[in-house]
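Which chain is which? They are A, B, C and D, in the order written, and residues in each are numbered from 1.
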Amino acid sequence: MATETRKRKADHIRISLNQNVQARRVTTGFEDIHFVHKALPEINKQKIDLSTTIFNHKFAAPLIVGAITGGTPEATKINATIAEAVEEIGLGMGVGSQRAAIEDKKLEKTFSIARKKAPTAFLIANIGGVQLAHGYGLKEAKKAIEMIEADAIAIHLNPLQEAVQLEGQANFERVLEKIGTIAREVDVPVIAKETGAGIAAEEAKKLEAAGVKGLDVSGVGGTSFAAVEYYRTKRKANIFQRRLGDVFWDWGIPTAISIVEVSQTVNIPIIASGGIRDGVEMAKALALGASLTSLSQPVLQVAIKGVKETKDVLSLLIEELKTSMFLVGADSVQTLQETPIVVVGETAEWLRMRKFNVDGYARRGRS
Amino acid sequence: MATETRKRKADHIRISLNQNVQARRVTTGFEDIHFVHKALPEINKQKIDLSTTIFNHKFAAPLIVGAITGGTPEATKINATIAEAVEEIGLGMGVGSQRAAIEDKKLEKTFSIARKKAPTAFLIANIGGVQLAHGYGLKEAKKAIEMIEADAIAIHLNPLQEAVQLEGQANFERVLEKIGTIAREVDVPVIAKETGAGIAAEEAKKLEAAGVKGLDVSGVGGTSFAAVEYYRTKRKANIFQRRLGDVFWDWGIPTAISIVEVSQTVNIPIIASGGIRDGVEMAKALALGASLTSLSQPVLQVAIKGVKETKDVLSLLIEELKTSMFLVGADSVQTLQETPIVVVGETAEWLRMRKFNVDGYARRGRS
Amino acid sequence: MATETRKRKADHIRISLNQNVQARRVTTGFEDIHFVHKALPEINKQKIDLSTTIFNHKFAAPLIVGAITGGTPEATKINATIAEAVEEIGLGMGVGSQRAAIEDKKLEKTFSIARKKAPTAFLIANIGGVQLAHGYGLKEAKKAIEMIEADAIAIHLNPLQEAVQLEGQANFERVLEKIGTIAREVDVPVIAKETGAGIAAEEAKKLEAAGVKGLDVSGVGGTSFAAVEYYRTKRKANIFQRRLGDVFWDWGIPTAISIVEVSQTVNIPIIASGGIRDGVEMAKALALGASLTSLSQPVLQVAIKGVKETKDVLSLLIEELKTSMFLVGADSVQTLQETPIVVVGETAEWLRMRKFNVDGYARRGRS
Amino acid sequence: MATETRKRKADHIRISLNQNVQARRVTTGFEDIHFVHKALPEINKQKIDLSTTIFNHKFAAPLIVGAITGGTPEATKINATIAEAVEEIGLGMGVGSQRAAIEDKKLEKTFSIARKKAPTAFLIANIGGVQLAHGYGLKEAKKAIEMIEADAIAIHLNPLQEAVQLEGQANFERVLEKIGTIAREVDVPVIAKETGAGIAAEEAKKLEAAGVKGLDVSGVGGTSFAAVEYYRTKRKANIFQRRLGDVFWDWGIPTAISIVEVSQTVNIPIIASGGIRDGVEMAKALALGASLTSLSQPVLQVAIKGVKETKDVLSLLIEELKTSMFLVGADSVQTLQETPIVVVGETAEWLRMRKFNVDGYARRGRS
């Protein structure tokens, strides 16, 4: 089992790096979000304060590296590299699914390397929500947390991936209840995290009520796990699964929409992820109501090169975010969240039809 | 006459298989329909109940194979193959126009083979509505039903096809009245079925009032019969008819729109057809208000290969439907029909202008 | 002068036939107009009555051939061909600008040939509105009418063409007043006709008040006279004028919009023209409120071949119109004008913003 | 320092002429603005009065040449050429940033040549707003004005450019206050001018309150300064800055939107600039509420050729503007500003969401 899991994870990384597994006919929706440029920012870009305190942790910038990998020698190296980079900059990271290591103690170090390299950064442990319907529970959650001395644990909700993958376990019965149990019993905040199909208002509400302390929306528009499965099954000549991967390639709630659905519904911090590729999109996510942004794919591509390259990319993203903030005259993340943005196109259409307040974004700050 | 009819039908199948006769500048509208993904489905995909009871018949899944063919040796084979496949899976099928066999008893077996191979499946007989204006009536309807021991009879309304085809009879005078007579007198439900141009609210209302028990919308967006005529006349170098086929290639009401027009107007079951190509679109059709979905072209393409291939395609479509249902947390067809969907773009624009309720779809299930 | 005018007209015909002078980034708007297909038309296509009585003249179908040419030997032939064709079918036609013949009696026969070949068809004389600001008046209008024993006279309003062409006279001072004088004094109805840039509500109102008895909208979306000038000046290497032709290539009110602007404003008959290319578009124009449709470019292309070819094209257009009417269950032009149509996209956006009733079209016929 | 500034300016001109530095995925929004063509203009194009009095200066047409260059021998030539052309036609021009000459008296003549060649034309001096946060003040403003005997001084607000360029000073602290001081103390009107990213309502209001007498919106959609920086850094292989240029390439408020944001907010004259490329767009800008239009890039391209070529382009633009005015029946700039225009698409969407009056434009002039 653990071997299979490891092999699947290795497949995922290889395919993500070598195939085009980005969304095809759907976008994140960020192209429908427009900042209202300030010709006269009245601030000094050098003095912009990017720091933000979420989950009682101070981040140097509202940026974390999304859960990527674990369980293999390459994964160890990737985790170490990212950990070193986020430690130096003062960010956070999530590790990949710890299931393999929970089941095989020898693999623990492929994850614990993250804490070793990042003694003070915000680290997020990772267990699969679907596992809670298949025997996992508080014990495994605690094990995952201890393994990396995590500051939070993300329960990954990946029904799309389970439904389209060869070995998938498409059963989420009573998962919510079990998330609630874990949320009550562990010492760190529990984050419910999608994996590329977005979170809707209805689920956000239930998860908040169950005691979850944060939501990572991971909307559609970036890397498609259905696409990854498409390529995995292609190699195995399984036409049946391949067509599933193809048909569901673009399934999900676009990231920008999911941020609004969730942030206008709950009062817990939102992590924006799913197809975010630059600092302007990070700024848009924050302006829409997210507290943190999370990127995976752009970091994975450099993490295999080295710590310096990884730090460079993270610094560049932060510089882009800072530049966006400067250009709307926002000297802090909070000010950014009060700056006007204009939401147009099908993103606005979806949100209005679902009864969210779209016009409010455009008018804030106008006297 | 019967020979000509047979020849025309053979032309249709050949052209459908070998030429691009899909809609060109119009779509089904399904791309404007978006599900609201559920990150936490709270159900077990394995336990999803796809069965549905319509016309007092229990279908293993809300899927039938649309009327395709009859009247020729190849047609016999195709009908036998599809019948065997739908029998084994527990679905239904409609046969092609029975006119040739009504007029020439020797051809009956090209249709009755369906019942022979599918003793319990839901079989739908087929007569042309336009024939009712040219001498057909109750007798012929009964003959068509008896020929395949049909569970229902579809009266095909194909004004577009009649209007653009070489031998067309573009006369629908008093057809509604005669449909009413048949609906009152036959023992099985009468279904009014379009053939690729969709049904509007106005006609749905009249047909329901006339006693029709089901409506098969068959909207525009999939195979275009005008396009088929374009290619038929192209071979015959009839520029006049060919241009008709060209100009009316995309004529009709898009399938998604027609489903809403009809389902918000009448209280009888709706069969969704017209350009449906995968299980996600099947799910969208059901969520919009259809009771059954019907596909023809994707099945025809495999039916010429064999029963196994046909069953594989039908099973795949069902698996895709089930996957869609899982991802919106719907464990039954009825629950799927209560799940929120967001209708955007020109599909929403059309529906609003025609005074249908569009916003309601997006808000159902939101407390 | 007359020679120059003739030469310019010959240039126009040659360029129209050999260069792409169709609108580039603007369309007629007909693609935003959708018929609501009737699955059950309840009529007999053979019995559809296409005849219509406008200006006290009965047309076999609501179709005329737009003003094309005159003044040269080739023009004589084209006018004769079109006249013979419309006479046989029972339609109407407008002749090209009669200015050259008004100034040079020898050229009269290039126009009067139309009446010779079409003793009973509806013929429309043609003078330029801009000439009314440069000396023309009642006398010239009467001369134009007498020359072809016209049933009506169209005063051509072509400010765009005058403004972008080398020899243009861009002065329309007191033209409205002079149109009024002519309208009061001549025995036939006066039609105000644009030449490819459309008529707005404001002008329609003034023209009706001045006594004009019909409006030919000639909107943008078809042949662009600015484009024709572009090619004329290209040959003469006049960069200055060429750029004018280029910048104004797509200037004007789209045909579908102009029909609505005008028909919701005045109570006189509307002739729809400008980029209409098939019978479905003719049907849309009539459904939007036009009383007649007028085509030029598609007829010019066959008129140089012969009478049979011209009649074939006109018959085909009528057959397409009849087919459209059949498919919406309209057995007369008047019924067609009461059938629902759905107006979407930027056409709907424009009309709503200008305070026209757009929703009404979609709801008529719905009980 | 002065040398560096000069070198940077030379880079800018070279890149603007040789690379594609136009906006990529954003437009000026002018394609969403439609004039309502007048079939009967009732005016004489020859009598159209294009003159307009703004800042107590009479312009022969509402057109000035935007700030381009200065400080180098080539710049001297370009300034001389443009000055001679605008003097002869009776327009105005802005010079490029005078910073180099303020710091190095030897360079003054590269700017003062403009006044020498244009003794009566409207000349606009130029200092950078960002310099006000770095030591500049009233003294430098006065020096800039005196250097060219300016009729006005534009304070350039270029936060985007400062933020993405290698040597940028992204500090705008207390710039507004200092603009206020200059506005109160200098004898000529102070214009606040963006440089390609547009001005929003909020900033317009503050600038008017500070005493600024005119606003030059310079919206996004034309030349992108971020793109210019992209190419500058490309040559220097600075990947970090290059990506900044790439990510911010299309940042800003589209020109058409910015004109509305500003003109519906303040009561001082608006200069429309940013991607205006022909006289129709000039007319649209004026109809939306601008008092003057300003073009740079199309003039720069001919200014390197000579005075005649420059005058030809300016005359052509004026002829296009006049033609547009003729076609909407506007015989003066003021009448043009009362003529109806229809605003559609995302431009209308943005403006409505920001609570500006969009429908009013379409209805003015309709009784």
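We take it that a residue touches a chain if its C-beta (ideal position, glycine included) is under 8 Å from a C-beta of that chain, and two chains touch if they have at least 3 such contacts.
Please read all numbers here as calculations on a predicted model, not as lab measurements.
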Most remote chain w.r.t. Chain A, using mean C-alpha positions, is C
Across the interface between the identical copies chain C and chain D, with over half of residue numbers shared counting as same and under half as different, the residues used are different
In whole angstrom, the CA-centroid distance of chain B from chain D equals 60
Chain A and chain D have mean C-alpha positions lying a whole-number Å distance apart equal to 42
So chain D residues touching two or more other chains come to none
Contact graph of the chains (line, ring, star, complete, other): ring
Every chain pair meeting the touch definition is listed as A-B, A-D, B-C, C-D
Interface with chain B, chain A side, in the complex: residues 25, 129, 133, 157, 159-160, 163-164, 170-176, 192, 194, 197-203, 206-207, 220, 240, 243-244, 247-248, 251-253, 346, 349-350, 353-355
Interface with chain D, chain A side, in the complex: residues 31, 34-46, 278-280, 312, 316, 319-320, 323, 326-327, 340, 342-345, 348, 358-359, 362-363, 365-366
